[in-house]
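Per-chain residue numbering starts at 1, and chain names A, B, C and D are given in the order in which the chains are listed.
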Amino acid sequence: MHTQEIIGTHPDVKGQTNQALIRAIEECYDCGQSCISCADACIGEQEVTRLRQCIRLNLDCADICFAAGAIATRRTGSNEEIIRSTLENCMLACRLCADECQKHAQSHEHCRICAEACQSCEQACQQAVQTLGATH
Amino acid sequence: MHTQEIIGTHPDVKGQTNQALIRAIEECYDCGQSCISCADACIGEQEVTRLRQCIRLNLDCADICFAAGAIATRRTGSNEEIIRSTLENCMLACRLCADECQKHAQSHEHCRICAEACQSCEQACQQAVQTLGATH
Amino acid sequence: MHTQEIIGTHPDVKGQTNQALIRAIEECYDCGQSCISCADACIGEQEVTRLRQCIRLNLDCADICFAAGAIATRRTGSNEEIIRSTLENCMLACRLCADECQKHAQSHEHCRICAEACQSCEQACQQAVQTLGATH
Amino acid sequence: MHTQEIIGTHPDVKGQTNQALIRAIEECYDCGQSCISCADACIGEQEVTRLRQCIRLNLDCADICFAAGAIATRRTGSNEEIIRSTLENCMLACRLCADECQKHAQSHEHCRICAEACQSCEQACQQAVQTLGATH
């Protein structure tokens, strides 16, 4: 992805990118795509009725990840309170989705991979949040 | 919108819709559309440089509203903790966006209308959150 | 929704809204929400394995509807070729989704309602496309 | 991204991934993020009034890229006609956005990078479309 390169050219950033935030953005898009794919694969599985909760958490997590990726990308003006609360919401969605996917990881490789993507995204969001100002 | 009618036919809902949640969903889509439109109108204004913060908050609020609308729509399985935290995130985005839009409401009708949509969405999300179980 | 009211205040629109386009925007958000809800209800049905194709078309149609709603909302600059091709893509997605939902309409009310929303959205997009310039 | 790895585990795919389609998915997410970032940077530029058309094409292109990424990800059931028309719509959006960004590439690095991402995405979608069945 061109994330770091293009955000670095924003007139208010001038190369001073926040590396943790850049990584969180990329993890959000990766995790969102993985969650769409895991939901889709679960819907195609024979035992789909046992995967309903996984599909639900996948779809909700995907929606939050894409919103978080967009919001963490913007640098014009400021909206740090929203970046923080959105990344925290994303961490929660990733954690719940990873926990559910983990239960099916031995039966379904897509659940194992999706759990991995969610855990990685949760960590990246956590590290990005720690770089934001302490207020709020 | 068909929101109430279609959610009422979900096999786990069987007509027992949560009216406050239905209203929050519809407000999220309305507010998301208004925020996209206000950002677009601000970009077209002569004094666009003074509307940068408004555009930023509009775009972030739109992303959150659409994610919230989708997440609050689903009824298969359960994900109440995420519905709650997403609606709370949406309330925050709406409040900040309404406050900024309000500053420009006398000069720009789209900011006045957008502030109104954001306030209405914030209230609907607040009322929906109050109907959710108290435990996470 | 505030669609007409807010687009009418865009500095380049000045009250001269395209009514067919306004209606298409609102139908896109309505249809997108119905498709998310129908997919979710199908996933919750006992006979989910027979509804896989319906779920797939629902989810794809929802993604296209929300993109179309956003794109048809903007008025700054011009992008008529993209509005046209996006609405045409939306018409196709709505037609295919309505046809599939129709097959399940007698067994599942959500499929009947979703087919209705898709047909209404397809028609609104068709009428909006006819108001756009003939070039391209 | 985990795109190839996770799609390869879909029960109907079983490792037989379409490489051109995988690449198109990843390019869609990359291009969508670049377009959000370029729009945001343009809004922050001194000469924002001269970048209005660029911002418009960026935002429309981003919406289409994310819809295309999601739709091209799914493998349950079949929806090839929609994958094709959505990728073609994406190619058009990428071409128009790249052409506009190119005009500002010497003044603004973000426009140069975004044009590059759009061109790369257009090509990847073109190659993916060529792998799809010839009907329609």
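Here is the rule we go by: a residue touches a chain if its C-beta (ideal position, glycine included) is under 8 Å from a C-beta of that chain, and two chains touch if they have at least 3 such contacts.
Since the structure is predicted, the reported quantities are computational estimates derived from the model, not experimental observations.
Hopping across touching chains, the smallest step count from chain A to chain D is 1. Among the other chains, the CA centroid farthest from that of chain A is the one of C. Between the two copies, chain A and chain B, the C-alpha superposition involves a rotation of 180 degrees in steps of 5.
Ranking C-D and A-C by contacting C-beta pairs places C-D first. For the pair chain C and chain D, the distance between C-alpha centroids works out to 21 Å. Centre to centre, using the average C-alpha position, chain A and chain C are separated by 27 Å.
Counting partner chains per residue, chain B has residues 40, 43-44, 46, 52, 55-56, 59, 66, 70, 74, 76 touching two or more of them. If each chain is drawn as a node and touching chains are joined, the picture has every node linked to every other. Within the complex, the chain D residues that touch chain B are 40, 43-44, 46, 48-49, 52, 55-56, 59. By the touch criterion stated above, chain B contacts chain C in their complex at residues 1-3, 5-7, 9-12, 25, 29-30, 32-34, 36-38, 40-41, 43-46, 66, 69-70, 73-76, 108-110, 113-114, 116-117. Taken together, the chain A residues at the contact with chain B in this complex read 52-53, 55-57, 59-60, 63-64, 66-67, 70-71, 74, 76-79, 81-82, 85-86, 88-89, 92-93, 96.
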